[in-house]
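Chain lettering (A, B, C and D) follows the sequence in which the chains are written, and residue indices restart at 1 in each chain.
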Amino acid sequence: MEITMEQATTAARQAELKATEIQVPVNIVILDTAGYLKFFVRMDNAFIGSIDIALQKAKTAMLFRTSSEMVGEFLKPEAHAYGLSQTNGGLVGFPGGLPILKNKDIIGYIGISGGAVPQDLLIATAGSTI
Amino acid sequence: MEITMEQATTAARQAELKATEIQVPVNIVILDTAGYLKFFVRMDNAFIGSIDIALQKAKTAMLFRTSSEMVGEFLKPEAHAYGLSQTNGGLVGFPGGLPILKNKDIIGYIGISGGAVPQDLLIATAGSTI
Amino acid sequence: MEITMEQATTAARQAELKATEIQVPVNIVILDTAGYLKFFVRMDNAFIGSIDIALQKAKTAMLFRTSSEMVGEFLKPEAHAYGLSQTNGGLVGFPGGLPILKNKDIIGYIGISGGAVPQDLLIATAGSTI
Amino acid sequence: MEITMEQATTAARQAELKATEIQVPVNIVILDTAGYLKFFVRMDNAFIGSIDIALQKAKTAMLFRTSSEMVGEFLKPEAHAYGLSQTNGGLVGFPGGLPILKNKDIIGYIGISGGAVPQDLLIATAGSTI
């Protein structure tokens, strides 16, 4: 369950560098494999409303050990999973929540929000392997 | 209201055997007819996110004394039951929640989550008659 | 984080046998080390109101990796920790929540509620080492 | 309202160094002056239950622009402020939440939890001036 503080800081730093590079201020959430907050930073000028979105993306990824985008497949109307999105205190099924891998093992989850969806995903991806 | 501990354990055990047979780790919830938790087990490697889904499926079935799938008929967009899915703290309207029958009487409810929907339904069905 | 289903079932069974021996119907909760529900059983005639108490005792023990009773030391008026009891969605600081040990390692947490406090503790203790 | 990411990181780093020095793993929360999360880190082995306590201490300090300890004066039974502790989603009135000062101006709030109360206060103090 324990991603280390050092690992979490590294993953977040990688994401932050990418965000700076593409000039998109975001919220960066790192959860351990049990879903507890390990690291968080809100870049200057990132939206307040994106704090919770970043948290929910990472949480959604954690709950099903995959990306938030993949969970979104089951939240589409055509999946007919009525009410699924309201379980677990609310699921968020679009890109920006990813497992963090080290030597192919999942050691935690990253959630990014603040930019356009492809930007969030790009930034999350930068922090998803350490 | 009282499914016995022995009956609940039997129903859950039948579901667990089916889950093991088809190699799908799931969360198994048994509620009494009033909706209170009677028995729960999370099989090894079952998704954390499926704990709540299994609970909500069984609760949804209990609330209307039918299957969660049948309740889903009223949650479809074309049913025009606006806001229904948010009642009762959230309804979950897809397969995997069923009444438990003994001698054709409902003695409780079972909720299963962790696999694909048809797998969840197969496992729930295995625990729905004792 | 993963107490196995077999370990959880064993711990709960040990507790249930003690409860049966002293004729006190209780709710038995087993959480993994991250606080997620792994196993639950409500013995016949156990109080409905004790479901949540058993859950909260086990959760409180998990949050601080100790017994719920020990956490209660910080909840006493003379500890002057104003508002502490309302953190984490509510803490429960009286006996009946314990770590489950295997070879001196904490593998999960047990919470018992339904009897008098010394009875709950006796039953929890019976399930606290496997 | 805007403590910068750099300022928040500096304050948290000062606290972390003190925590490492006295060998107490804690949760470190930095809020902006509006109470929104700016930075968070959970040191390795810090209690899960202390995540929320650290958040609530910082929030309580922010709500009244003072220390969480000072708010605690109004939460004591002899203050007769019945129900006060339940306002604002719960107030936490013991040491470990402090304003962060820069040139005597409040730029944010720090909340620390994980050690004994005097330890938490010592660590919070280390991060309360930048």
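Heads up, the rule we're going with is that a residue touches a chain if its C-beta (ideal position, glycine included) is under 8 Å from a C-beta of that chain, and two chains touch if they have at least 3 such contacts.
These figures come from a predicted structure and were not determined experimentally.
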Counterpart interface for A-D, drawn from B-C, A-B or A-C and sharing over half of its contact pairs: B-C
Between the pairs B-C and C-D, the one where more C-beta pairs touch: C-D
For subunit B paired with subunit D, centre-to-centre distance based on mean C-alpha positions, whole Å: 43
Mean-CA-position distance for subunit D and subunit C (Å): 30
Rounded Å distance between subunit B and subunit C, as computed from the means of their C-alpha atoms: 25
Of all residues in subunit B, the ones touching two or more other chains: 48
Each pair of chains that touches, named by its two labels: A-B, A-C, A-D, B-C, C-D
In the complex with subunit C, residue positions of subunit B that touch it: 2, 4-5, 8-9, 36-44, 48, 51
Touching residues on subunit B, where the partner in the complex is subunit A: 47-50, 52-53, 56, 60, 72, 75-77, 85-86, 90-94, 117
In the complex with subunit A, residue positions of subunit C that touch it: 1, 33-36
Complex contacts: residues of subunit C adjacent to subunit D: 34-35, 60, 62-65, 77, 80-84, 86-89, 91
